[in-house]
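Here is the structure we will look at, set down as structure tokens.
Order of writing sets the chain letters: A, B, C and D. Residues in each chain are counted from 1.
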Amino acid sequence: MRDRAVGWLGLGLVVFLAGGWWLPNWAQSLVILALGKGMVVLGLLLLMRCGLVSFGQGLYYCLGAYAAVAVGKIFRLPDSLLTSDALLMPLFGGVVAGVIAFILGFLLANYRSIFFAMLSLAFSMILYGLLIKMSVLGSSDGFNIAYSTAAGVVLRPGTHLYALYAVAAIIVFVAMLALNGYLRSHRGRLGPAIRDNELRVEYMGASVRRIVHLNYVIAAVLAGIGGGLVALSIGHIDPDLAYWTTSGEFVFVAILSGTANVAAPFAGSLLFEWIKSVAYQYTPYTWQMVLGIAMLLVIMFLPAGLWSLLGRRGRGA
Amino acid sequence: MNSNRARAASILSITASVLAIALAAATAPAVAQDKPIKIGVVTFLSGAAAGPFGVPARNGAEVVAETLNAGKSPSPYAAVGFGGTPIEIAFVDEAGGTTKQVNEYRNLVQRDNADMVIGYISSGDCLAIAPLAEELKRLTVFFDCGTPRIFEDASYKYLFRTGATATMDNTAAALYVTEMKPALKKVAGINQNYAWGQDSWNDFEAAMKVLKPGVDIVTSQMPKLLAGQYGAEISTLLTSGADVVHSSFWGGDAEALILQGAPRGLFKKSTVVMTAGEPTLVRLGTQVPEGTVIGARGPFDMFAPDTELNKWFRKAYEDRYSVAPSYPAYKMAQAILGVKAAYEKAQAANAGKRPSQEQIIAAFENLSFEAPGGKVDMALGKGHQAVQGSAYGVTKNVGGKVIVVNIKRFAASRITPPDGVKSDEWIKSGFKTAK
Amino acid sequence: MAAILQTEGLTKRFGAVTAADDINVSIEPDTVVGLIGGNGAGKTTFINMVTGYLKPDAGTIRYAGSVITQLIPRSVTQLGICRSFQIPQLFDSLTVRDNLLAALGVVVLGGKHWASGATLASERVEAAADETLARFGLDDYRDILSGVLPEGIRKLLDIAMAMVVRPRILLLDEPTSGVSADEKFVIMDTVMAAVRANRVTILFVEHDMDIVRRYTERILAFYEGRIIADDTPDTVLDDDEVRKYVTGTTHARVTSGAGSDAAH
Amino acid sequence: MTDLVSVLIDGVIYSSYLFIIAVGLTLIYGVMKILNMAHGSLYALGAYVAATLVGAWFNAGLNPYGSLALLGLAALLVGVVAGPIIERGLLRFMYGRDEVVLILVTYSVFLILEDVIKLVWGVESYSAYQPYGLLGNFDVGDLPYTVYDALLVIVAVLVGVALTFVLTRTRQGKLLLAVIHDREVSAAMGINVERVYLVTFTIGTMLAALGGALIAPKVSVVPAMGVEVIVLAFAVEVIGGLGSLPGAALGAIIVGLVRSAAVHYLPEVELFSIYLVMALVLIVRPKGLFSAVEARKI
């Protein structure tokens, strides 16, 4: 059955890479953006399965975006693959995010419901404040970032965007497989169990705290990688990546997508980005209202997220 | 089992969205030769910056485009539209952050095929758009954003900025207050805690230290953007006993600072310099205390020269919107007229035929052109960055109306660094007039 | 023979109320002990203290000789002391089978580190789940969300989940409360059958004296946090104090209860 | 010395502002368990209405002191109009949904209201400055303060006292507490929970609008003025302990004093002082300063 999963996702990857080739640039970058944000939402899905909602994933999204170049700038490192490779930069971002999450996790793993949400929000806003203060990182204006290689391969002019598109697609493919496996593992199964009844989980001899901590770190790594991808597709990063409204948007997309399936976040995120760009285009003066109404409609008529459109109550959703 | 169906469905749905986007792309309109010149204009249409900057700029663009297309503008801009071809403007909201702006820019250029893009008030957006303009090879003109980093850190082919950098706002402000109060000893600042506020204060502080060695910087307040309430800040400024208070506040924050500072005598106790204060005069009128030093980020509005061009623009704007144009409107007009000048120069060089983008760019570099605010020289950044004089004055209430008196003008060379020199280094090295 | 569970001077107060007052008991392996007493007599408090949910104000708890007084529920469980709950503690949004899979998964993960010696190979999990389903007669419910199960089935599942960890001591908190009279014996028979398969010491709280009489070898009678009687069922249930404070029955009613046993 | 005094005064003034905006949020959360993201927009709505009314009042050249009453009227208007519309028209269909979903519902309301405000008032700034200077100044040491700010403090105290009185002394208040304690039980006891919710949300909206209306004379009323307020109010709320009235008061005082101290002594940290406080408080008291005790689970 695991093999069938690989098969399906593999097919999707091929369709994606092929489809991307004849997409116009603006659409490619839209898709990269959606995939990057989808990674963050995938992490939220993991947390939501444990009944936790973070209003501070912007923290790791932003860390992931800044990590590579910031390290370069702060320590005045010479340009290297680390600060110019389309694959390495996001992965490094993921690592940094993971490390920070591992530390904060010892604290946050004790929190639930709204307090978990608000404490994570507080941390992301503190990062926001720190970045605004750091003129070496361009304060609120942030700075531009670029990439010249992908997995070490030097990119010919004009191929950059598609290379990034491919990198994003492959990262997402791997992430979906890994998470799909994790959710079906013994540890992964305990997520919904914790959401339903922590007391029983403890009485089964498992540590709720440790599992929450683990999921929190995984979510952060995903968010970090996603942030790295978005940063590269935008070519510019600034502290807004850590602002609470950014995190709020991720939560919305997560609800929109539903927690049924590891592909849901990416479908949801693609749809969301598309709705947004259409809203900007056709209702430049009232796009917020359009988003708000869309959001309400989803919440009212698709309680289990977009997935309920596909006709079934997903497992553990 | 059914989770496989789910996966299949998910792949389909993702593929579907990709196709949908591709479809939207395919159906994007193609541009023909004889079509009007399509200009994407990006300013804040929503959010806090819309009222003070975005909307005046938008209106400025609209009124200029209309009068140009009607051929009702004075020389040297009498020709209809650009060199006889009417211009068509597509407005885009600058609100929503750089991530959104970068994609909006791609959409403008690649999906909607704008011939050129004029806009951007936020320095962050400008920094983000700059490399993209090069990548997409589309003529792009920044009209307002202030950070000097753009042309000081890199050089561009497709990118121009017709507005001077924020450096001159603060060097000019420093010059003005030192001439106004030769005896000043204590200086304080209150600026918004983000790049604009931080840079403005750093430039002003550095300039003051050059002009008045040993000046005492008593406090630098940095409330966060849109904080709205400055009770504690005002108390510290009052207790600091500063002779001069520098502020680059804009929009609602500037108005709030005046509304809360005036009743508590801040503006009596110290001379307050508001480098971007001009739009608040339009909003608050006589609420702005007398004796406040006001700037307009260039020779605009009350600082504008008494030329045909200025009269024409003011009248057209006031007739259309029944308010006076504030500086963002002027700067937008300046940008559009600059491109028009370049376009028509290129057209002339091209035997009257529609010039190519490359020809327009060639004509634009190092161009000098007239605007409602006076003469503009594309002198910096290898001919891509404008320099312009500036002016400051003090508010005075006359017959229930606020006017600006004691206006002093500063030549561009006095307040902006020569080409190739970074602003902060130039100031610290004593900003000697480049000769 | 050596006691597997032992408490000395176990005491717990909630404000003015004394829920456990100097409790000293010693349980031998492989016995089935009934805990009886009115509401608030301290039965559940006793279980909560033994399983680490509550920390006693005074006294010690020994498991196979070693002190476990300060351990948290997780550690207690890993030692092999498991419990079921008065109100079944299930994963309501999961199917019955997934409830068991979750519990079994923990055994796989905890595995060799556990003092209880309970281990399970990952590939055996699915099979183990199905065996448990069969053993507790839950086959018909395997794919039903546990949130919508009838109370009796919830009780069974609750106990089944405590069992998959292969406990050496099993504490059942009112396994048959809220269950219709004729279901009670079905549940108890199933549990006992399942339990006897792998020798487990059982303590269970029960209000139905017929059940107690039928399944226990020994009874602890609680009253106001104290143990007022501790002996074989017949002795305890005939004890005057017990009849006064706990069962509140006449001898006749008890035997009639015994009669109804015979009816089964 | 005067420095310390002004830290206190500035802090208290800011605290009372925080309290007024946070108390409505507290009430709504306490009763309805909804963290109302739209609170900021309702605050903005109050400010816009107040600015409009005051503007009209002075254009009509009526007695300036009347404008103070208008501020209250603005809050009342927004409360009785927007409150019921949102509660009856939207929220009541959502009761029983997950807390997070409810947050998102109110988040969408926030997005929609932001544009509604833009459509009604445009993006230009409004100001109702007249009342602020109206009452003159008073000096503390050599520092002038406006009487209006003192009034703000008084109003905050009154609001706090009034709410405490209503909740603890009146029958309606006791019913409210009953609902807070247990919705099902109180419904069973024959309390009309629907009506309690409607009233609560209306009052909460009124308080949000009151905050906006009272602040309108001090600031220029601009789009997005509500966005900052949301997080501010949330922080106060969380620090104090969700749904706790004394908590909101204490939270407001702490945040207010910390901020003004930061401004006076180290302006550098002002930007995120509030989030530091929030993080620290939550680290020490995971459920805020005044947190409700939970009943035994098994």
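Quick notes on this structure:
Keep this in mind: a residue touches a chain if its C-beta (ideal position, glycine included) is under 8 Å from a C-beta of that chain, and two chains touch if they have at least 3 such contacts.
Because the structure is predicted, anything quoted here is derived from the model rather than measured.
No other two chains have as many C-beta pairs in contact as A-B. Across the assembly, the mean Cα position most removed from that of subunit B is the one of C.
Distance from the subunit A centre to the subunit B centre is 35 Å, each centre being the mean of its Cα atoms.
Computed centre separation for the pair subunit A/subunit C is 45 angstrom, with centres defined by C-alpha atoms. One finds 76 Å separating the Cα centroids of subunit B and subunit C.
With centres taken as mean Cα positions, subunit D sits 51 Å from subunit C. The multi-chain contact residues of subunit A, meaning those touching 2 or more other chains, are 132-133, 199, 285, 288, 315. Among all residues of subunit B, those that touch two or more other chains are 45-46, 193, 224.
Residues of subunit D found to touch two or more other chains are 115, 118, 227, 268, 271, 298. Across the complex, subunit A meets subunit C through its residues 185-187, 189-190, 192-193, 195-197, 199-207, 315-316. Across the complex, subunit A is touched by residues 35, 90, 93-94, 97, 99-101, 103-105, 107-112, 114-116, 118-119, 227, 231, 234-235, 238, 242, 268, 271-272, 275-276, 278-279, 282-283, 286-288, 297-298 of subunit D. Subunit D makes touch with subunit B in their complex at residues 2-3, 6-7, 9-11, 13-14, 17, 115, 118, 122-125, 127, 129, 132-133, 137, 142-146, 149, 215, 217-225, 227-228, 259-260, 263-264, 267-268, 270-271. Interface of subunit B with subunit A (complex): residues 1-11, 13-15, 17-22, 24-25, 28, 45-46, 91-93, 96-100, 102-104, 106-107, 109-111, 123-124, 127-128, 130-132, 136, 147, 149, 193-196, 198, 224-225. Interface of subunit B with subunit D (complex): residues 45-48, 50-52, 54-55, 193, 219-224, 226-229, 231-233, 235-236, 238-239, 251-252, 255-256, 259-260, 262-265, 283-284, 287.
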